[in-house]
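Next come two complexes, and both contain chain A; in the first it sits with chain B, in the second with chain C.
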Partner chain A sequence: MLAQSLADGILTGAIIALGAIGVSLGLQILRFANFAHAELVTWGGYLALVFVTFAGPGTPTGPFSFGWQLIAAMLLAAVLTGGLAWLVDRLVFSRLRRSGAQPLSMVFASFGAALVMRHVVVLIWGSGSYFYTSELQIALEVLPGVRMLPDQLFILGLTLLVVTGLHLYLTHSRTGMAMRAMAESPALARVCGIEVEAVVRWTWILSGALAAMAGVFMGLSPQIHPEMGLSLMLALFAAAILGGVGSLVGAVVGGLLVGLAENLSVLFVDPGYKTAMPFLLLLLVLAVRPQGLFGDKA
Partner chain B sequence: MKHLLTLAAVLAAGALTAPNQTSAQAVSCPVKIGGILPMTGSMAPITKKIAEAAQLALDHINQGGGIKGCPVELVLRDDQGQPTVGVDAAKYLVEVERVPAITGTISSGVTGPIISSITGPSKIVQISCCSTASAFTLDGRSGGYFFRTLPTSKTQAFATASEIARRGLKKTAIIYVNTDFGVDMTRFIKEALPKLGGEFVVEVPYTDNQPSYRAEVTKALAAKPESLMLVGFPKDAVTIVREWLSLGGSPKIALNNSMRVMDFVNGVGPKFLNESFGMDNAQVAGATVDAFNKAFAEKYKYDSNGPGVHTQYDALMVLGLAMNIAKDLTGPSIKDAVRQVHAAGGAQVGTGPDEFKKAVALIKEGKPIKYFGATGPIEFDANGDVTGPALVWKIADGQIVTDRVISIEEMQALFKKVE
Partner chain C sequence: MIGLASYLVFFFSIVLILGIVALGLNLQWGYTGLFNAGIVGFYAIGAYTHAIVTSPAKAGMIANLGLPWAFGIAGAMVTTAFAAWLVGLVTIRLRGDYLAISTYGIAVSIQLVTLNLESLTGGPNGFPGIPRPLFTTLGSPALFNIFFLGVLVVVTGLVYWGLERILRSPWGRVLKAIREDETAAVALGKSALRFRLEAFVIGSTLMGLAGALYASYIGFVSPYDFVPILTFQIWAMVIVGGSGNNLGVLLGTLLVWAIWAASGVAVTKLVPAAYAAQGGALQVILIGLVLVLALLFRPRGLLGEAATVSRHAADD
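This part shows the complex of A and B:
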């Protein structure tokens, strides 16, 4: 039971981590809490669905419930969702930035954008649920007492790969360094000749792409519906703040901790209180380390 | 205060004069009955037909001789689906219109506050077509003045428990949605299951609208259950059932009525539900039901299918009959009379104006009646609730089909066995 809860927690945490990275980048580089981020998760799930509808989820390959088509759909959805995130920025946030809007105005604008994005999904696809595949996997006993689905192991592996890749990108590429510079100090970054708008654009595209992956992974286990992003939103913010704003490692660790807190809590308390557990953890961590686990001292 | 004083004066006068007069003379025409329904708001789409059923019942009562020789007027107020508005409406009906009885309303969230703050304390009879929360008739807030014409969640819970036992399912885990409905159902299933030969090993509540329920499913599976009872709503249930099966849970799954939709079946995949079954309230067949359906279709030019339509008709008809039986039109008398509407050994009366006329004639002769309504026999139990028949459904060839019907007699036997 304990081992199974640990495994479940890590799996839930991996999906949360992918979404939380975008939130964390947004908080640090764009400097406002973007509540529309969770809707990118939903859009990612639906955009992949469009491709899957045309190409099919593919014949199940090996132990997995899907074939190469779903991977292709995910990559396509990642690119398109990145584009969508940038489009929302052009339409809404960049205008506000130019007119020197306060962070609070940006937050409220993001609420508005979230509502519009969610309801466009309902408008196009309706309010019902969709599935990538009608197959149902039976979990394998990977360790004594620990059952996992092959799909979940795949999700975990891919998340690890993406996060490692992103970490290398942020630390070694010019764009990555520019992004980190922006996060440190926008004014200094501008003085150094960094093109602010380009960094902002990359931030949106990266956040969108990662959110889309989280959306596809969520859709795999097991359904896609218009509120899927919304149901994840609080967990994403808890993870980003818990890990420390602006830290990639922080967001990943934060995501895992949120997943673990939810899944382990049912061992001790009524599962009805499960969703409150990450916030209890958040309060505890913030009381000890106000900047979050991996955050720099402001 | 002025209202209260006047009310007290009227009651006192009534109490003094009643013994000396026949009841018909004590009544001033027309007789008013209060109605509260959400005519606007999120419930409005289903309320239209329900209000039409109420209007039809009112027509039938008036054509059948009214109440104690007087024509009847239904003073209908809108609750907008909001507790505050509903309580205001009830207050208006009781204090300004001085109605001795109210029919309403749909949402349990509105009905509850009306019972606690108005009809219970004022001793006004209230009959609802649609509120299922079992607490209303059990926690004492109504003082016995609240009745309803639809079965509570208890009926479904007992029926489900008996079917679990009948199919020989052992070691049942219960996963339920953490709302009044889910808690209610679980409580009754737990009460009934051991008495009927089943056993439950663990209960796990869940909060709706979450991305995953692995934690809940893992917790349930840790108790090594051999079957599952799932109480919830379709969208989350799809996730739960798929995770349950994926993690090695038994395919023997009992489901509640909300899952009787193809969205759920297709979501999980029909091939995984071959050993599952579910429960729902069954519609009774019978002459009085057909008569109502025919009368409704004639008046409104469309059929009477829909939630609350049949039960609302019965709610008002029961009031009409009870107020004829009651020795005077005060809450306590009407409350007692409601229980004589379906008296043992009474002459059977049904739906429609002619049947109502027949009932009024019998009542005048002092003979007992036995009302069979648009939902079949209306017999209130000690709490003021009715029992209805239930149906067991299952999935065959990708479709939801009725497996068998648990008749009202079987249902009553079941209640006796459990309680």
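This part shows the complex of A and C:
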């Protein structure tokens, strides 16, 4: 029972981590809490659905419930969601930045943008749920007493791969270094000849793409619906802040801890309160260690 | 004709109730710069406290007290003030957007409590049969609605008058000073934390009051009355009307609620029943757009904050 909850927690945690990386980058580089980020998760899930509807999820390959088509759909959705994130920035946030609005106006605008994005999904796809595939899967016993679906193992593996790749990108590529420089100090970055607008654009595209992956993973385990992003929002913020804003490793560890807290809480309290767990964890962190586990002291 | 008149009575009653919430938010955001994203949580605390205090004892409900209306209102305000004080103690030190995240989380948690703590709140089925003041004495629902509109005019008027008074007092000036330049205000010996906490508690208490009025007007509350969209509607009201201007905020309340109600009527008339979800989505998209467009094109709002000039300025 405990081991199974741990495994479920790690799976939820992996999905939260992918979304939390974007929230964390937003808090550090764009310097505001973007409440619309969770909607990118929803959009990623639905954009992949569009491709899956056209191409089909593919014939099940190996133990998985889908074929290469779903992976292609995920990549396309990641690109498009990155574009969508950038578009929202063009339409709303960049205008506010240029008019010199205070950071909290950006937070407001993100609430407004979130409302619009979430309900455009309802407008197009309705308020019901969708599955990518109707294939049945048999759970594998990966460890004594721990059963996981092959799809879930796929999610864990791919998340690990993406996070490692992202880490290398941030530490070794020029854009990655520019992003980290912006996070440290926008003024200093500008002086060093870094194009601030380009960094902002890449931040949006990258966090949109990661959010889309989280959305597709939520769709695989097991369905997508218009409120899936909203239901994840507090968990994303909790993970980003718990891990330490601006730290990639922090966002991943934070995501795992939040996922574990959610799933382990069910052993002790009424499952009806499960969604409040990330928030309680967040309050605890803010009270005890506001800079998070891996953050620098502000 | 009677139909329209009674609808207008209902419409203005809701506007006045939400107006109190918006005034409370204006004290927090407009005057103090506090980002409260959990409005609906405090509104719900007020509504449920009133329901519990005034409703007669009933099988399955553990805490119903059956006290008179005024006790319900007072109890709602005290409970909300206490809750806001607790929340404020933990969150008021945080930077602006962290306060937004925390208060949003608090509203979500409060809604979970209303859903799950069935013996206190009635759970997902709601809390029916909240006594409405003088309902039996007045005899007809129409008469009650007109009477209650009168009550709301008086209460909202009192709240408005009271806020204008305290905001013009030295206390109100300190709030603005902290909002504009915290370091300078602290250097003058004002405790920013204390004033922020006070403004947060008073503003939230008003939200609780509005919740109690809502519960005793409708006679029924359920967790679905307290969904996050209400928080954003109130935000839209304050931003559109003009944060930092109480009259503007009341105007914004009227305008945004009119847009909401009119779009609701248009949707039910024009959108086939099979697409009800899409119609509802359109309504919410409209609120989101109003919020974003107001921020982009008229950040001061319709009326905006009046410039304050010291009466000593002319001496120079």
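We adopt the following convention: the second predicted complex is superposed on the first by the 296 of 298 C-alpha atoms of A that agree within 3 Å, B and C clash if a C-alpha of one lies under 4 Å from a C-alpha of the other, contacts with A are read in each partner's own complex, and residues count from 1 in each chain.
Keep this in mind: contacts are C-beta pairs under 8 Å (C-beta built on N, C-alpha and C of every residue); 3 or more make two chains touch, one makes a residue touch a chain.
Bear in mind the structure is a predicted one, so any value in this text is a computation, not a measurement.
After superposition onto chain A, partners chain B and chain C are found to clash with each other. After overlaying the two complexes on the shared chain, residue contacts for A:L170 are found with neither chain B nor chain C. By the touch criterion defined above, A:L47 reaches neither chain B nor chain C.
With both structures placed on the common chain, the touch criterion links A:L283 to chain C but leaves chain B unconnected.
In the superposed model, A:A38 lies in contact with neither chain B nor chain C.
Contacts of A:M1 after superposition: chain B is touched, whereas chain C is not reached. In the superposition on chain A, contact of A:D270 is made with both chain B and chain C.
Residue contacts after overlaying the shared chain place A:M182 against neither chain B nor chain C. Working note: chain C versus chain B after chain A overlay, options 6-14, 24-32, 78-86 or 132-140, clashing stretch identified as 132-140.
When the two complexes are superposed on chain A, the residues of chain A that touch both chain B and chain C are 270, 272, 275.
Those residues of chain A lying in contact with chain B across their complex are 1, 4-5, 8-9, 11-12, 15, 128-129, 131, 134, 136-139, 147, 149, 218, 221-223, 225, 227-228, 230-232, 235, 262-263, 265-267, 270-272, 274-275.
Of all residues in chain B, only 178, 204-207, 209-212, 214-216, 218-219, 222, 235, 238-239, 242-243, 245-248, 263, 267-269, 272 touch chain A in the complex they form. Residues of chain C that touch chain A in their complex: 33, 35, 37, 90-91, 94, 96-98, 100-102, 104-106, 108-109, 112, 115-116, 229, 232, 235-236, 239, 277-278, 280-282, 284-285, 287-292, 295-296, 299.
For chain A in complex with chain C, the residues that touch the partner chain are 27, 32-33, 35, 92, 95-96, 99, 101, 103-105, 107-109, 111-116, 118-120, 122-123, 126-127, 233-234, 237, 241, 270, 272-273, 275-276, 278-280, 282-283, 286-287, 290.
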